[in-house]
Each structure stands twice: as C-alpha cells, then as structure tokens.
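In the two complexes below, subunit A is the common chain; its partner is subunit B in one and subunit C in the other.
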Partner chain A sequence: MSEIEFLNWVRGPGFQIAIIIFVAGVIIRFAEILLLGRKPNLAEAKGSEMSSGLRTIITRSIPDKGTFQRSMFTVVAGYIFHLGLFITIFLFAPHILMFKDIFGFGWPSLPTPVVDAMAIVTIIALFAVLIHRMRNTVLKFISTKEDYIVWLVTILPLITGYIAFHRIGMTAPTLLAIHILSVELLLIMFPFTKLMHTFTIVMSRWYGGAISGYRGVKS
Partner chain B sequence: MSASLDKGINALKEQVDSSVAAFFSSCTHCGMCADACLFYTETGCPTATPITKVEPLRRIWKSEYTLLGRIGKMFGLNKKVDDELLTKWEKRVYDNCTLCGRCSMVCPVGNDIALMIRKTREGMAAAGHAPEGLIGATKRAVTIGSPMGVKLPALMAQINHVEKDTGLKVPLDVEGAEYMLLLSSMEIMNFPEFIEAIAKIFTKAGVSWTISTEAFEATNSGIQIGVSDIAAELVQRIVDAAEKLKVKTVISPECGHAYMAIRWDGPNLIGKPFNFKVRHILEILDEFRKDGRLKITGKEEQRLTYHDPCQISRRGGVIEQPRNLINMFSNNFVEMPDTGKMNWCCGAGGGVSTNERADKVRLKVFQRKKDQLDEIKPDAIVSACSNCRIHLEDGLEEYNMDIPLMSLTETLAEHLAD
Partner chain C sequence: MTNNSNKEKTLGEVMRSRGVSRRSFLKFCAATASMMAMSPAMIPKIAHALESARRPSVIWLSFQECTGCTESLTRAHTATIESLIFDSISLDYHHTLQAASGHAAEEAREAAMNENWGKYILVVDGSIPTDNPGYSTIAGISNLDMFMQTAAGAAAIISVGTCAAYGGIPHADPNPTGAYSVYDVIKKFSNNQLDGISSATLAKAGEGSVVSKPIISVPGCPPIPVVITGVLTHFLTFGTIPELDHLGRPKAFYGQSIHDRCYRRPFYDKGLFAETFDDEGAKKGWCLYKLGCKGPTTYNACATTKWNDGTSFPIESGHPCLGCSEPDFWDGGGFYKALSMPTENITQTAIYTAAGAAAVGVALGAMNKSKKNNAVAAHNKTTIDDLEK
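Right, the complex of A and B next:
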C-alpha cells in the first residue's frame, strides 16, 4: 500500500467505520440511560424541576469561591484543556473545511498561529493533568486504567495534528494519515468510555439541578 | 430483616434509574468531590472520596445496564459485588459519610453523589452490611416506635412538666387541628424545652395544633440505614395519624433527616401523595412572622451565627427562613464562611451519630466546623437540628471551645412579647 493509498483508506472507509461506531455507540448509550426512566416525584414540589435542571446545566460551569480555592488546579487546568480542545477541533481552518464537507456548512476560523499556540498550551495542560493524576493522593487512588487510556487517546490527535501541521519527520500524506487514524481511535473509544461525559454532562447536570430545584435549592 | 448478598444485589439493581445511569456515565474521576467532603479534608484519607463510596452501585450499573458491561458479564470479565467488597465498603458508606450532600453541590458534571450513596446503602443494608448501632436503632424504631426507645409514657411525663411549668395546655389527639407536631426522640429526652417553646409560640400565634399519641416520633432510621420498606412503614404511621386527626399540616421538628424523611422522601416511600402539607417548624415560624403573628421583644446583642443542618438547608430548601427569624431577635448576626447551601456538615448526620464505631472520626472531622467558627468567633451558635446540636456540643467540648448552642425555636420563644 502506497502512502497515498493508505491516506485514502484512512480518509475514506476508515473514517466511515469510525463515524458509524461513534454515532451508533452514542445512540446506544443515550438509549441505555434514558430508557431506564425515573419515577415521578410524589412530594409536593417547592420549585420546578425543568427550569432548575436547565439552570444548573449553565451554572455548574462556575464553581463557588470556596470550591475554586480548594480545587484550583483541577478547575484551571480543566478549563484550559477543554477550551484548547474546542479551539483546536472546531476553530482550525482545515478542520472547518472538513466539517463543511460533511455538514454542508462551515463557520469562521481562528487565525492559524493562534490555533497552533493553543495546541501547545493544551498539550502542556494535558501533561500537567496527567502528572497531577499520578501524584495527587486522591486522584492516584480513584484512577483506573480507563482514565489513562482516555488521556492517551485524547492527547494523540493533538500531538499527531501538531506534527502533521509542521511536517516533522515524515512526508505530509503519512503524517496526515496518522493524525486522522488517531482521531478515528478517539471516535471509536468515545461512546464506551468516560469521554461520553461530553454529552451526558447535560443529562447529569439536569438531573442534579432538577433534584435540588424540586426542593427549592438552587444548585 | 433477614439479609443476604443476593438481596443486596437485587436492592442495588432496583436503585438504578436514568439519573444514576447519567451520573455514572458522566463521572470523569476529577476528584473534586473529595475537596468538598469533610471526611476527606479533615482526615486526608482518599478512601473518603465521595464518588468511590458508590463503587458497589457502579459495578451493578455497569454490568447490568450497559452494553459493554453485559458483554463483559457474559465472559466473566466484570468486577463483582461480593461480601468481601461490601465488608470493605461498610465503613466508607456509613461511618465516613453523613449524606450531607456537599459533594453533590460541587461535582462539575452535576452528579448527586449523596443520592447515589443513599442508594448504595439500600444494597449494603439488604446484604447485611450495615453498622450494629444503626441496626439496633432501626429495630427499636419499628418495635418500640422510637430509635432511642422512647415510649408514650416518657412523652406524657415531659408534657406534664411543660404544662405545670407554663400553665399552658399541650393539646393531644385533637381532631381537626390545623397543625400536627412531630418530635424527635432527642427533643423528648434531651430538649423538652422545645415542646415548651412550641406551646408558647403557638398559643400566642392563636393557631390550633396537636400532638398525636399514636405517631409523635419524627425520626426515621429507615432512611439512614437505607431500608426503604422500614422507612415507608415509619412514614405510614404518621400518615395514618394525620389522616385520622384530619390535620391540614404536619410539622417536622428541629431534626434534619426527619424533615428529609417526611417532607421529601415520605410520599415516594409510601407510593402516593399526602393529602396534608408537610412543613419544617422554621417554615411555619417564618409564615407566622410574615402574617404578623410573632411579636418579639428585646434584641440579642451578642454575636450569633447559624449552623445550617444539611438536610434542612442544602438538601431540604429551608435556607432563608432561619435567617429571617434570627434577624427578628438579633442585632449581631454573622454568617460562617461557606454558609447556607454550601455549609459544612457538623459531622454526625446520616446515621453517623447512631453508629458508635464512627465516634472517633466524627470528632476528628469536627475540625472543619472549628475552623469555620474560628474565623468568625461567635458568642453563640443557633441551629435547628437536635442531632447537630448534640454533636456540636460534643465537638466544642472535645476542642475546648466555650460557645453555647441555642435552638432557634427555643430562642424565639424566649423573645416573645407578653
């Protein structure tokens, strides 16, 4: 297989397989959760479940002052790498071209040097998060193999993307193929790991907010 | 209560619903819940991390309610829930958690971790892995009617004292009364002043009220140990009495979990809505205030603070009422750092105070409350839960702190104008 054939396979059938697994997996996971259902609350309500749940989806993004002080590293590093992932995935011009291909519409991009710098910042933040996980007493204790695997499949597309953009070491088609392959690995792992929190966070925050809000507590 | 591992596993299965599944799916193991839990911050022990306390429930969710887990189960790859696991988890779930719910307010993905721990207890108890102290209290609650073994004659004796001291009548079994008052065993045995305070305030307010001799106990060991059947039975006794006396409102006394049990869990436990209202005593007093039924005389000049009982504030939604009431009789009210829905637990709720095995750790984690108090140096602490009150007194003594504890209802009664 020539490097162009390899790239074409990765871009074509390989990508399609990954997308199918991703989409089907996410749908299955959503069904698994929602089909379980939840008993209606029979106690006299003090507040609305719906509006409290929706409110918490937004408000839980900002920790209260005491929590911020106590968990500062997790909050700051967490914000940086989540923001960095968003920028590098969705605001990088070549990525937007690809999304336009798939969805038929695009959106404005950030200047490439900004995205480039953000990629480095995100990689550094992810390494900081990894070191924190391996050294902090609590995180060391609660971490599982999955936590480390998920870390790896998250950082791989960033590193391979950075190398591909700067054409370090190999020819452009091979570097691009490796980058896309790492994204496919991420897509395949996504529905079956904690990466699902990207979507389920909306549900968990809603449920948490609804449970509190029903009792008249803003959470 | 015959218990077995199978029953425990079945109980855990029954606890999984869409909220639990969403919570488990969202957890990223960020560890922020540990920083929100006084059993971690004050001991530095990572086994106290709230989300790890629900491991038995997580295993059941994973192997029974996820595709990957079910495949894993077919090949025998899943981590099992067995007696060894539950034995190891017993202290984490019962001794090192007060179900205070502070973790639930901090979790960045919004998981109600306290609810998940409460649900985990259902499995632990059904499998026979609950602490002796709580099992004893629960048995007494079912057979005698009170976790502390308080019977009607004990209540009658206290009521006689109150009536003699005040010249007021404590109405018993009055049909058609507006309010039916519940009491905790601790109030009956340790703080009968509470009954006196209610008699004074309700007489002044000119409202009709009563205590049922058939169901006066407000506490509910069933929700602490995690046995819904028993919790439901204890709730049903109150429902029967309230329906028999045709009261409009049942009042939950100064007790945190009693409020959770009757106000929020009650109808769900017995499977039907109540045909009467349930209110916390502080809600009722605040309604009296709004209606102008409370005439207060003399203001306290000493520095007062309010300790929010977790099940009343954060888990119960009664947050502004105590502040409104305290400001009626205080010129010098100060909030602790981290207050209201973010207050720190005293360290003895959720059955911890009933569990002798946890005596050491509950006093150790009191350090958190001490730090809060040291920052504002109050002259006295007001609260609205007898369990908090007893443990706060214990903790203050342990740490050589001389700060008096006051019940909000009792203090209010002392300031009633003649």
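Right, the complex of A and C next:
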C-alpha cells in the first residue's frame, strides 16, 4: 500500500468504519441509559426538577471556592486541556471543512497560529495531568488501565496533528494519514470508555440537579 | 526521426551546428547543476560531459496514454537548450512522433535495440494493460510483450508521466484493463504474476534480467519538461541515474512538496483561505486549501521550475493543485474536496448507522425491561413460614 493509498483509505473506508462504530456505540449506550427507567417517586415534589437541573449544569461547571482551593491543579489543568481540545478540534479551518462536509454547515475558524499555540498548551496540560495522576498516591490508586488508554487516545491526535501540520520527520501524506488514523482510533474507543462523558455530562448534571430540585434542597 | 549523419556527432557539435552559443550552453549547465542540487564545481564537468557525449539511443514507447506527456515535452515555446537536448537524442522510435508505422516501424525499433543492446534508454509513457493482451496492441504486438522485450536491453527505464509511473487514469478504479505502472509490471514479472506474456518475450526478459533494470519515475500529468532533460543530463554526465526517493522519483525535482514551496503558503499559515473561485480571498491570492488543493501532499517541482517557459504554475493561475504527481490521484475523492474532508459520503453512513443503532438500542432497552418485569413477576415474597424454616 503506497502512502497515498493509505491516506485515501483513512479518508474513505477507514473513516466510515470509525463513524459506524462511533455513532452506533453512542446511540446504543444512550438508549440503554434512557430506557433503564426510573421508579415513580411517590413523594410530593418540593421544587422544580427542570430549573434546578438546568442551574446545576452551570453551577457544577464552575468550581466552588473549597474545591478550587483543594484541587487547584486538577481544575486549572483540566480546564486548559478541555478548552484546548475544543479549540483545536472545532476551530481549526481544515477541521471545520470536515464538519461542513458531514453536517452541511460550517462556522468561522480561529487564525491558524492561535490553534497551533493552543495545541502545544493542550499537549503540555495533558502531560501535566498524567504526571499528576501517576505521582498523586490517591489518584494513582484509583486509576485503572482505562484511564491511561483514554489519555493516550486523546493525546495521540493532538501530537500527530501537530507533527502533520509542521511536517516533521516523514512525508506529508503519511503524516496526515497517521493523524486521521489516530482520530479514527479515538472515535472507535469513544463509546466504550469514559470518553462518553462528553455527551453524558450535561444529562447527568441535569439529573443530579433535578433530584435535588424535586426534594427542594440545594444542589 | 533521427538523422543518421547526426548520430555520430557529439551533443556539443549538434548544439554548435544549431547556433547555440557557448555562453548560453554554460548557463544551461549552471541552471541544471543548481536545479539538481549539485555543487558549482560540477558545472564544468556537466559541460564537458554533455559536449563530448555521443547521442544516446532512446526508444520511446507509448502505451495506454493520452499523448499529453509527449505534447508537454516537445512543445517548448522557444528553442531552449532543454528542447535541443531533447531533439538531439537519438530518438530511434517514438510511436507518436515517427512517420513510419506498422511492421516497418517495429523493424526500426528492433534494429535500434540490437545495435545498442544494453546501452539505450527506454522511455515509457502510458500504463501497461495486463488483463487481456488485446486491449492495446501496436503492429499486433501487445503492450506487455513490447515493453518486456524492449526493457530487456535497456540501460535504464524512465517512466514518463503518471500513467507509466503509477498507472494513472487507466489504473483508476475500477481499472478495467488491469493497467499497471512500469514498476508494478516488472514487480509482477519477478513474482510470476503475469499472464498473457509470450514465451519468446519471457526468454528475452529473463536473458536481459529485466528485474534489475534501474527505473526512474518522472510522474506528472503531464510531467515538467525540464525534469526529463535534467534526468537525461544527469545520465549523460555521470552515466548513472540521479538520487531517487521512495517512489523512484529524482529527489532533485520531487524532494519538496508544492505546499512547502508555494508562494501562497504564508496565507495558509495565517489561516487566510479563498472560499470560492471568485470571492475576495481568491482575488487577493489567498490559499486554495479549502478549494481542494492537494499541494500539501504532492511532491513536484511546479512551484519552483513552473510551466510555459517559467510563466506560472496552476496555483499561480488560481487553481488548486490536483496532486497529479502522486499515485492514485484520480481516486482521491474529488479534485475540489479539501484534504481534510472524507472521501466517502459520511453523512449517509452516519444517518443509516444512527437509524440501525436506534432500533438496536430500543430492542436492547425492551429486552432489559422485560427481563426486569420477569424478575419482578418471579419474585416470591418472604412469609413468616419462610423465616421459621
């Protein structure tokens, strides 16, 4: 297989396979969660589920003072790499073209040097959280193999993308193909790992808030 | 074709007889040395070698091709030294350019082969069909037979154009004629995967050890004329083939990508793109990435040597690079699809998958629910009697 054949494969059939697994996996997992059902709550509602739920989506996204002081590193590094991932994935012009091809619409991009710099910041932040995870006794104890695999499949597209953009080491078609392949690996792993929190986070935060709202307590 | 009295002359003699001055000849040698990344000390050596070189015999075979390569290489706008070198080689056989045809032409080819066995340069343009020998024949000889017979006695093979270098358009999906490049045909021959090859050709190919022939690929649709003269100059000067990359292309010309040498590259780096062919960005000469430019993955010399006597190259005239010097550029999902776009219809794939997955999800949910209901139904309440057991 020549490098262009490899590139054509990851842009075509390879991408299709990854999308099938990603879409099917995410939908089936959602269906399973939503169809589990809840026992009817016979207690009288003491507040609104909806407003408390919606409020909690926002309040839980902003660390309270105590949490921030206790885990400043986790909060800051976590925010940096999540924001960095959002910028590099969704605000880089070539990526928007890909989304436009799939969704039928695009959005404005950030200047390439900004995305380039954010990619480096994100990579550094991801390494920092890994080192923190491995050096903190409690974190290390509760970490599973999955945590490290998820870290790897998240950072791989960033590193391969950075190398492909700057064309370091190998020929351009190979670098681009490796980058797309690493994204496909991420898509395939997505529904079966903690990466699912990307989609479930809003729902679970709402649910947590809704329970408190029903009971009439602060969430 | 070649004039016999000219055949004994050296290239220097031919050039002088055509009125090429010593100064312009040396300028050509300097330009060639610089293009091929040689030291300036090599210029006199190139000049001496070219001046004293006996005109090499060249056999040019055209197979499944469109003649664009020959057009490109023969249509110089002015009588450049490149074109003179090209004119001055002993082009003993060229399907398109020769007046003779049929058996007479084939006899000329065989005579040239016998006379220069082991020394002539074989230039091939066009891909070679391997499925059925009848798909493409010349004077009743299949392309495959003619290629293998002629390659057997060649000093080196130059695959001119994307069809000869990688299979090109005939090789594009679904490849109805089983077309392959020169390199692939020889590889198939060495692996005994070629059918429809005559026993006489087999014997000749074995005798001439076709498998070990050096192959230089000069891809492009069409390739840049100066690249072929550069390769010939190298061969005439050193008697060897230039340094090649992993796809058999001379590194001097294919060492850098279009993107790396593109004058619009600063716009790519800044993220300034033309969105359509006639928007403000296009008028301002911004990057053509979004319009499908394959420059980032294409290695060729267009951005530096340019076309039409150094006038411009496709990107300069406002059109994205098609990636014509890379393998399978016809099957890359469309010329106007950006490199970051998928080549297949992912939207349709996602919709069908979502519909199927939703059905599976609902079915799984229903199964879980019924399992739960069954468990509830099968549950026996504990009674006082049970506790006393």
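We adopt the following convention: the second predicted complex is superposed on the first by the 219 of 219 C-alpha atoms of A that agree within 3 Å, B and C clash if a C-alpha of one lies under 4 Å from a C-alpha of the other, contacts with A are read in each partner's own complex, and residues count from 1 in each chain.
One rule holds in what follows: a residue touches a chain if its C-beta (ideal position, glycine included) is under 8 Å from a C-beta of that chain, and two chains touch if they have at least 3 such contacts.
What you are looking at is a predicted structure, and each value in this text was computed from that prediction instead of being measured.
**Q** Answer with first, second, both or neither: which of subunit B and subunit C does A:Ser143 touch in the superposed model?
**A** Touch status of A:Ser143: first partner only.
**Q** Quick one: classify A:Val23 as touching subunit B (first), subunit C (second), both or neither.
**A** second
**Q** If you count the residues of subunit A that each partner touches, which comes out higher, subunit B or subunit C?
**A** Tallying touched residues of subunit A, the top partner is B.
**Q** In the superposed arrangement, does A:Thr171 touch subunit B (first), subunit C (second), both or neither?
**A** In the superposed model, A:Thr171 contacts subunit C only, not subunit B.
**Q** With both complexes superposed on chain A, which partner does A:Pro13 reach: first (subunit B), second (subunit C), both or neither?
**A** Second partner only.
**Q** After the superposition on A, what does A:Leu110 contact: first (subunit B), second (subunit C), both or neither?
**A** second
**Q** Kindly classify A:Arg205 by the partners it touches after superposition: subunit B alone (first), subunit C alone (second), both, or neither?
**A** In the superposed model, A:Arg205 contacts subunit B only, not subunit C.
**Q** Can A:Arg38 be said to touch subunit B (first), subunit C (second), both, or neither?
**A** The first partner, subunit B, only.
**Q** Just which bits of subunit A does subunit B share with subunit C as contact spots?
**A** Dual-contact residues (subunit A): 28, 32, 34-37.
**Q** Residues of subunit A touching subunit C in their complex?
**A** Contacts found on subunit A: 2, 4-5, 7-8, 11-13, 15-16, 19-20, 23-28, 30-32, 34-37, 93-95, 97-98, 101-104, 109-113, 115, 167, 171-173, 176.
**Q** Could you please specify the touching residues of subunit B with respect to subunit A in the complex?
**A** It comes out as residues 16-23, 25-32, 34-36, 40-41, 44, 46-47, 49, 51-52, 65-68, 104-112, 115, 263-268, 271-274, 277-278, 313-317, 319, 337-338, 341-342.
**Q** So in the complex, which bits of subunit C are touching subunit A?
**A** By the definition above, subunit C touches subunit A via 166, 246-247, 257, 259-260, 268-271, 273, 289-290, 296-297, 299, 323, 326-329, 331-333, 337-344, 346-347, 349-350, 353-354, 356-358, 360-362, 364-366, 368-369.
**Q** Which residues, counting only subunit A, touch subunit B once they are in their complex?
**A** Per the stated touch rule, the residues are 28-29, 32-39, 41-44, 46-47, 56-57, 60-61, 63-64, 66-67, 70-71, 74-75, 78, 136-144, 147, 192, 194, 196-197, 200-201, 203-209, 211-212, 215-219.
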